[in-house]
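To start, the structure under review is shown below, and the notes come after it.
The chains carry the letters A, B and C, assigned in the order they are written, with residues numbered from 1 in each.
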Amino acid sequence: MKDEILEEVAKVIIPLIQVFGVYVIFHGHLSPGGGFAGGTIIGASFILYRIVYGKEKASMKFSYKRLMKIVSFGLLAYGTMKGYSFVSGGSHLNWPSPPLGTPGKILSGGFLLPLNIVVGAVVGITMYFFYSLFDEGEI
Amino acid sequence: MLIDSFPLLTVLLLFITASIMPLLKKSNLVKGICIISFIVSFVMYLATLNRVLKTGDYFYRVGHFNAPFGIEFHVGTVECIMGILFTFVAIMVIWNSIYNIHFDIREDKIPLYYLLVNILIASLLGIVFSNDMFNVFVFIEIGNLASCGIVVVKDKKENIKAGMKYLIMSCLGSGLVLMGIAFLYSITGHLNMTYIHNELVKNYIHYPRTILITLGLFTVGLGVKSAMFPLHTWLPDAHSNAPTTSSAILSSLVLKGYILFLIKVLYRVFGIEIIRNFPILNIILVLGCLGMILGSIFAIFQKNLKRVIAYSTVAQMGYIFFAIGLGTELGIIMSIFHIIGHAVTKAALFLCTGAIIQGTGHKNLDELKGVGKEMPYTLGLFFIASLSMIGIPLLPGFVSKWYLALGSIEANKTLLIAVILASSLLNAVYYFPVSINGFFGEENLRGKIYKSKSKSLKELLPIIILVIAMIYIGIDSQSIINLIKTGLV
Amino acid sequence: MEKLLTNYYETGAIILFGIGFMTLLLNNNLIKKIIGMNIMDTAVFLFFIAKGYIQGKEAPIISGNFKGMEGYINPIPTSLMLTGIVVAVSTTAFALALTVKIYEKYGTVELDKILNKGE
């Protein structure tokens, strides 16, 4: 759609939505939210960009190759971190792990913070893929 | 002590290699990574079986929390045998698919296909090993999406309709299973299978109706997903329209994972003393008998070769439900033995069928007469595999039927031997004409050149290894049965 | 009968499950079948989460000071159902994508017309 008011308002609102989404992801272990909820918010901001600015500009900024690379490396990192934690716990080995810290601070809880970030990225990109799939028929 | 974590490492390895696959462009690299990950898993399971036979089964806690707060895996003899079986059949099927996957699927969807196969087999291994009810539910849901994906990846009209029917019925089944888990949690307050069993033994007398509803929900829910008799309607469409590799994996492996979960729920969570007070075992027995007879009767009337084999799968699932419903120790042992025998045989049958359909281009039975002169070795392997289905001695089909007859005498239900004999005869009625019309009859063979469309030895090697494994299981059946008996508690 | 009325959350969940099940089986339109599947899954989530409620205690979020273990409701059913909701969403999305493809190939979304056209 080619509407001037919509474009100008979207230029201001989309960064605010993304900042809120990043806050929900990063505070996942201290307040309600976490990876899934924050990822959905960021995915909604991508979909809004695609609706307002049209298909060509959106596929220049969010190309299929770059998004697939982020998803694949994200899943690889998730699997490796989880595997490290499971194997070191199950076999009673004492390998080093991120510190637990004090509850209530942002850098606490061991592996929780990196896992939330990965899950947020993957969920956001998946939401955007589903919208473009229903809109076009192909990604 | 890293050898303790081998079962968990295989599931993780399959998931991690699945997430690398969308990035690669060349399909040869993708096929190579897939086969190497399965070979590594197979070797790891052999090492774990070795360890379990020496020191006994053990519980492996996942992560840093003990049960009942954390998840644990129960690694025993039966689970290791299942793990070896799944990875072995998967290696053979994928080895065969290296040469002829490009007949069925477009070139750019091949990495996606191998990703789905990896995720599917990893979720089945998770169902087999896990000891926590909700963990099994998560793996069931992952397997749902992956197995529906490998049916619809071929883009034809009938595939998408069959895939849609499969998805809806599978989702119905897992919704019922989740309701059953909710009922069990509300009675006992635990999610770990051994803790639930201890709680149920103490106070099952106070909750007769709740346990009856829970058993019904689990049986119907898992019966929909593993083709118990009246709920099997999704199976012929889905298994016959899918690409050859998908049909082989779906028919031989996917149905078995859910039956194994049903065996675990009935005999490990509830236990044989509680189950005897409810009529659920008789219902499973009756439905198994109906499946054996009616599945074969439907198979006789089909014209497409793949649909005949798909209906034969329904009949063989009837045998396994019959064995579960007998309620004795011999019944459980024979159901697990039939799972092993049927997986190898059905994979060989579907791979032979795929080779025949790609070689000649015909799918219907009346166009396939005389194919024996053009592809003698392939039809010969098909003939040997179908002999096992009918029940010729020295092959695993005969061993299953013999011990099932012994089991039904032991449980005082002697009439059921007639059912077993009737279903064996019906099996012969539809398997023999395929081979006989292929090899003999003068008017069939006129105009065909000898060995014109035969596949090379390199492509037939996985099928030959599967048939040799099937003959070995048939000959060495007594030691396998003793191995299973030591694994059951 | 009074047991059904005191546990009204569970009764409502089972009635909703029945409604979703009937919608899934008896309707002809594919979109309505997917809606029925969603209603059925939501009913199971409601049943499970309602089992975690203990009367007189509050939600398990620390705001202010920590009240010890007896001040909060059981958090395990809620966290399990989070996984269930994600699974239900992804299954619905996959089913809808398949419906779009069926509409392209067959031209209709009614199930009996699709079955008649096929074979």
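In this section, a contact is a pair of C-beta atoms (placed from the backbone, for glycine too) under 8 Å apart; a residue touches a chain by one contact, two chains touch by 3 or more.
Keep in mind it's a predicted model, so treat the numbers as computed, not measured.
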Number of hops, chain B to chain C, where each hop joins two touching chains: 1
Two chains sharing the most contacts, counting C-beta pairs only: B-C
Chain B and chain C: spacing of chain centres that average the CA atoms, whole Å: 29
Between chain A and chain C, centroid-to-centroid distance (C-alpha), Å: 25
Separation of chain A from chain B, taking each centre as the mean of its C-alpha atoms, in whole Å: 37
Set of chain A residues in contact with two or more other chains: none
For the chain C and chain A complex, residues of the former touching the latter: 61, 82, 86, 93, 96-97, 100, 104
Residues of chain A defined as touching chain C within the complex: 31-32, 36, 130, 133-134, 137
Chain A residues touching chain B - in the complex, by the definition given at the top: 68-69, 71-72, 75-76, 79-80, 82-83, 85-93
In the complex with chain A, residue positions of chain B that touch it: 1-2, 4-5, 8-9, 12, 15-16, 19-20, 22-23, 60-65
Chain B partner contacts - residues on chain C that touch it in the complex: 17, 21, 24, 30, 33, 37, 40-41, 44, 47-48, 51, 77, 80, 83-84, 87, 90-91, 94-95, 98-99, 101-102, 105-106, 114, 118
